[in-house]
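Here is the structure we will look at.
Which chain is which? They are A, B, C and D, in the order written, and residues in each are numbered from 1.
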């Protein structure tokens, strides 16, 4: 594949990732967010696939497939399942969307600043867009810290994880396979556990609103 | 030298035992005369003592061995003080230099004995007297020490004999500011320690104002005799000390018969003179309220301290 | 394995033996055997000290797995003196404890703790490097805390006393660790030898840290706060050990720092110690003079005595720094003499207080009285102890204060304005302290043992058993013995100062050669005896002529009204004094008048209550505790249970760290 | 000999599998004990052979045991043994449900062993994340509202933190990639001749340390810790406080070593010292007015991790040796304290400090060892934490950090006061509830051998010279090589 095309496609994917993240911050209907999440996962998979094609390494392509299955399909569906159980679809965030979006802008700038040293990892289209991954990480963290609801925290966690994966693939074309597998499985397990816990919380508290989970203080 | 010193020490003891009752007699007589009364004559204290030794002491329930041991302890301390301080002569044994601190602490031993006697009977007034007595003693001790400390600085020794000898050698030091301040402080301390006016009224019969009398209230017979004689000796000794510091001339510096007799004579003159002076003053003094006494003592303490500091600063300039 | 090492090992072996005995023996046999073994520990410690004072060297080393040099226990001259003191006190108190310990004080725990406590105390002055010092120091602290807690079931104050004690002790530990760490860094090694080997350096921070740290342990005002709480609550033999031995180790630390680790300091170092000492001496004796609880009185008098010792130490440093070396030596000697003297008479006094406590069940002076006839041995020995505490001849306390006075009056070098002001003031402070001490101990002895019983407990008191009497008699012997022939000890202490500036006189007295002052207690005794002869003869003659007559009522200014209630109590005895020092003591008094039913002008009963609190506690410590509580409660909001808040902590940390990383 | 390293992992997996499948009663009771015993044996023998002839490696270099790993394996084994044995349930309590518990505990031990044995940073990361996975349900085991809440917070905050750590590891890998030899093996990373870009490594290390610090319970990422440790069953609390924190800290040490060989000491030192002091401050502030016994112990764990962090920040032979000793002894003491606290609170039916009174009179059997454990935890002799804390102070002054050390010492003091205050109140304080005043129960409510052994071990350890060599070896291993 031609380098120029590759660079454009990479840029495109990065753009989509960033856009989906910003939309996640903006829109607060849970079902919509989950769809955005699957979109993000898919885009990530595409990104990986393109890197694989560019490097012509089967391993990476396999990983791309795995990512597609996991982040594009499995995790969003799991989330959707547990989201169905809870009645309310809207989620009032701790801070209002405007402030959140401004915060996102700041985080993006921060991400660019802190990933300045990473630019030295080598020229080429991939390293140029590493900051996007950083931004995703920070946005994910922000979603986590502002989510008022179990599901929205899960979403935030997954965005953060996507961000890390993005950085991983962009900066280094993916860590060794065994580590990669371990990572994916761990993420899966964590999400499963959180889902189980959400279920139990649902049964205990009748809702999955995190404001109820403040009995342990001091 | 040592033998002479010991001999002189015992001489001083004997002389003081003979003189102090007379001293008390003279003081009372002077007072009586000044107040326009005839008075019993100066031998009355001797008669009192003889009477008391003849009477049987009473022992109330609750009284312990302290009642009989205390007075003797007081006597011992008073006599030892008389032996240790320079009265007739400035010669002191090398074994027991009349060290300032030793003398003061032996005096205090007597004070303690007196206070314990007061507490022993377990009556209200005994305790009251002893409490007041100890409070005053506690306040007096620093004054005495600091005052004599002030006098001892020029000599650089705390032996009283040495101090007096130095003053004989250099009379000008007596009328120096330091020595005058120190002597004033010492005088006030003496009045307080020996419970004279204005701290205590020796001839009061009103229990609530008593200090010394309240302590001996329960004692009788020979116990009382010892207590009285002991306290008189303390007064005599302190007056004698002031005398030797104020007018050291004529005190024996060599153990020759002549000098000793001269010293004796001077001692008698000084004692009786000072006694008369003291009781003369007492006529014109009113007893202080007990809670005003600390002010007096604090004042005397400050004077003593000034004396010390002055002595340094004067030496510097 | 030379003699000293053997003796050190012997102490540890005895301690282990005592622990085993305490564990295996049944309750009724425990006291005897444990007591004997523990006093053996004490004897072993004293012997170690003596042989080290005699110039013996040697010790034991214990390697540890951390890369820091091995633990070394090698007593030097100075430490050896304190080992003797601690060992002797330990031996006497252990013998006493055989008779005293019963109930919780006879439990396994408290015997084990006692053994460890004594051993640790003896090893503190033996330790030759910082880490082992700190180790035994903390062992001493924790075992003594256990001992203070002995009677926690009976009184709830015991727990708070133990808490205060452990907190203050830990504070002192922290300060000492920091100070030693500074010195260790500067010298590059943790042994005392290497620290004192580095010359011409003055780390004022280290000095202040160490002095304050040791001052806490020594019960110096305003850090004394634990002492009047812990001493009364502990069993009496433990109070004796703590007050006579453990507190001394704080002094040991201060002396060690002032004379060996940091010998060449500026003059304000000495001044600092001097001021601390003066403050403690005055405040301690004031509190003691108005105290109504016997053991509390003794505790405050400990503060006073340590204050005097600090005065002499401070004077020594001050004089040395202003070039009066020989007088400085005398000041130091007086301090060490006072250490020994105080150990002797304070042991005795606490043991006596314990005897009174166990005989009457009352520690409150206002409920005692008239014990002199019921408990002759206790009262006689207590009287000796009181004489010592009042620094009257012929006791050990008097010798110490005499040397101190000599040093102070000769320490005034007129060219030095500082000395010219400080020395007389110190003389005045010491003199006032001595006067108040006199009053305090007349009160303590008179109210307890003279007069008539003020409570049923005092009425039915019986003399205590043999072991306790033996302990007290040994103590009294020490007090008088050291008071009569101080020469030997004086020479021993003067060798610690490097120059031998003290001679022993023909009568075993002490003579300060450099300033030509001599003290011959024996001669004084002979003089007193000589003067006593005529007095006694006259008394005997008079007694033959007119024997005593018993009357069934004291005159009491002529009344049937004189009931024991009418005696002066401890409170009323100290009343004039507490009025004089009202501003310092701030006692809270209240008078409740209950009028009779008929008319409010007829008063049925008047009850007067007066309580003297410790102003330092009220003004500084309790507010500090409140302040900490407020902070602690405020801090709980940090952890308010909201996961979003927690996550934002992490988020903030992430951002900060990232920025740090790229900057 | 090298395959020794496979044993703990295999044993744990097999036991877990067996317990999950057969659910035999004896497995339901002893699986954890057997597993931790096995880990302990392997750890000690690995330590011996490492000291004798150098590092071991197995599974094609995937598993590697140098002195540090072997030591940590020993710590995992010993503390695990203490907790599991101390938490041994009686036969009748071993109902059918406990197989889940035992399986998870066994897996937990396995994952921790993997974390300390893995040579590859990635694998180490996976293992540490796996500990979160295995412990999540253990924290929520009692499935009360509070335990669920604790579990949720634990999983979310913990896995987020570890995810950040993964980002750091990814960047490290990327850095090596640019240097031509892509690797995550610690050995090759630690060999200082690796030409990597310090700027990248700096960011990477910062992220990795921050992430692992979350698991290690360092402030300000500590917030999950008191909830999780107070809600999980006592043995699990013991395990988590005693070793899980230390295993996470082990990861920090590894990363620090890499950073040291690339960046030098400075940056990470201040990161660790800052975190450590902050943790001690947090624990001091929150212990002071603490109301819950188990939370108090949890905060004291935060304090001790802070102490270890400061020591690691100081670096150098003495500090590192002290830190290692501290990790071991704190593990033993804290697990004993947690187990005993668990028994006390179950016996009393409350964890409220305000409701626990005069324990020594009423439950001497439980309270005496608890007191001993507390004495050990506040750093008093004869327990080894005294030596380590003193040594850390001295090391700090030696490497020229006086102000830090003064703060350190005073924070230790404040923590001491808080702990002693509450403990004395619970143990000696007069009981308000008159009706409970009269019970006297001197039984131990469970096995005592392990606790006695653990406490006496934490006394004698500083005097074992062989141990000294191990500590020396470890501090050489972690020594900053430039």
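One rule holds in what follows: a residue touches a chain if its C-beta (ideal position, glycine included) is under 8 Å from a C-beta of that chain, and two chains touch if they have at least 3 such contacts.
What you are looking at is a predicted structure, and each value in this text was computed from that prediction instead of being measured.
Of all chains in the assembly, none touches chain B and also chain C. Using CA-based centroids throughout, the chain positioned farthest away from chain C is A. Work out the mean CA point of chain B and of chain D, and you get 78 Å between them.
One finds 70 Å separating the Cα centroids of chain A and chain C. A separation of 100 Å divides the Cα centre of chain A from that of chain B.
Annotation: 31 Å between the Cα-based centres of chain A and chain D. Shared interface positions of chain A, defined as residues touching 2 or more other chains, are 114, 117, 141, 144, 153, 210, 213-216, 218. Counting partners per residue, chain B has no residue that reaches two or more other chains.
Touching of two or more other chains is recorded for residues 636, 639, 641, 643, 647, 650, 654, 658, 661-662 of chain C. Touching chain pairs in this entry, ordered by label, are A-C, A-D, B-C, C-D. Listed in rising order, the residues of chain C touching chain B in the complex are 289, 369-370, 372-373, 390-393, 398, 401-402, 405-406, 409-410, 412, 414-415, 417, 420-421, 424-425, 427-428, 431-432, 434-436, 438-439, 442-443, 445-447, 449-452, 507, 515-520, 523-524, 527-528, 530-532, 535-536, 538-539, 542-543, 545-557, 562, 564, 566-568, 572-577, 579-580.
Against chain C, the residues of chain B that register as touching in their complex are 9-10, 13, 53-66, 68, 72, 75-76, 79-80, 83-84, 93-97, 99, 101-102, 105-106, 108-109, 111-112, 115-116, 119-128, 130-132, 134-135, 137-142, 145-146, 149, 152-153, 156-159, 207, 217-218, 221-222, 226, 290-291, 294, 301, 305, 308-309, 312-313, 315-316. Chain A meets chain C in the complex at residues 94, 110, 113-114, 116-117, 138, 141-142, 144-148, 153, 210-211, 213-218. Chain A makes touch with chain D in their complex at residues 114-115, 117-118, 120-122, 137, 141, 144, 150, 153, 157, 160-161, 164, 167-168, 171-173, 175-176, 178-179, 182-183, 186, 189-190, 193-194, 197, 200-201, 204-205, 210, 213-216, 218.
Against chain A, in their complex, chain C makes its touches with residues 636, 639-644, 647-648, 650-651, 654-655, 658-659, 661-662.
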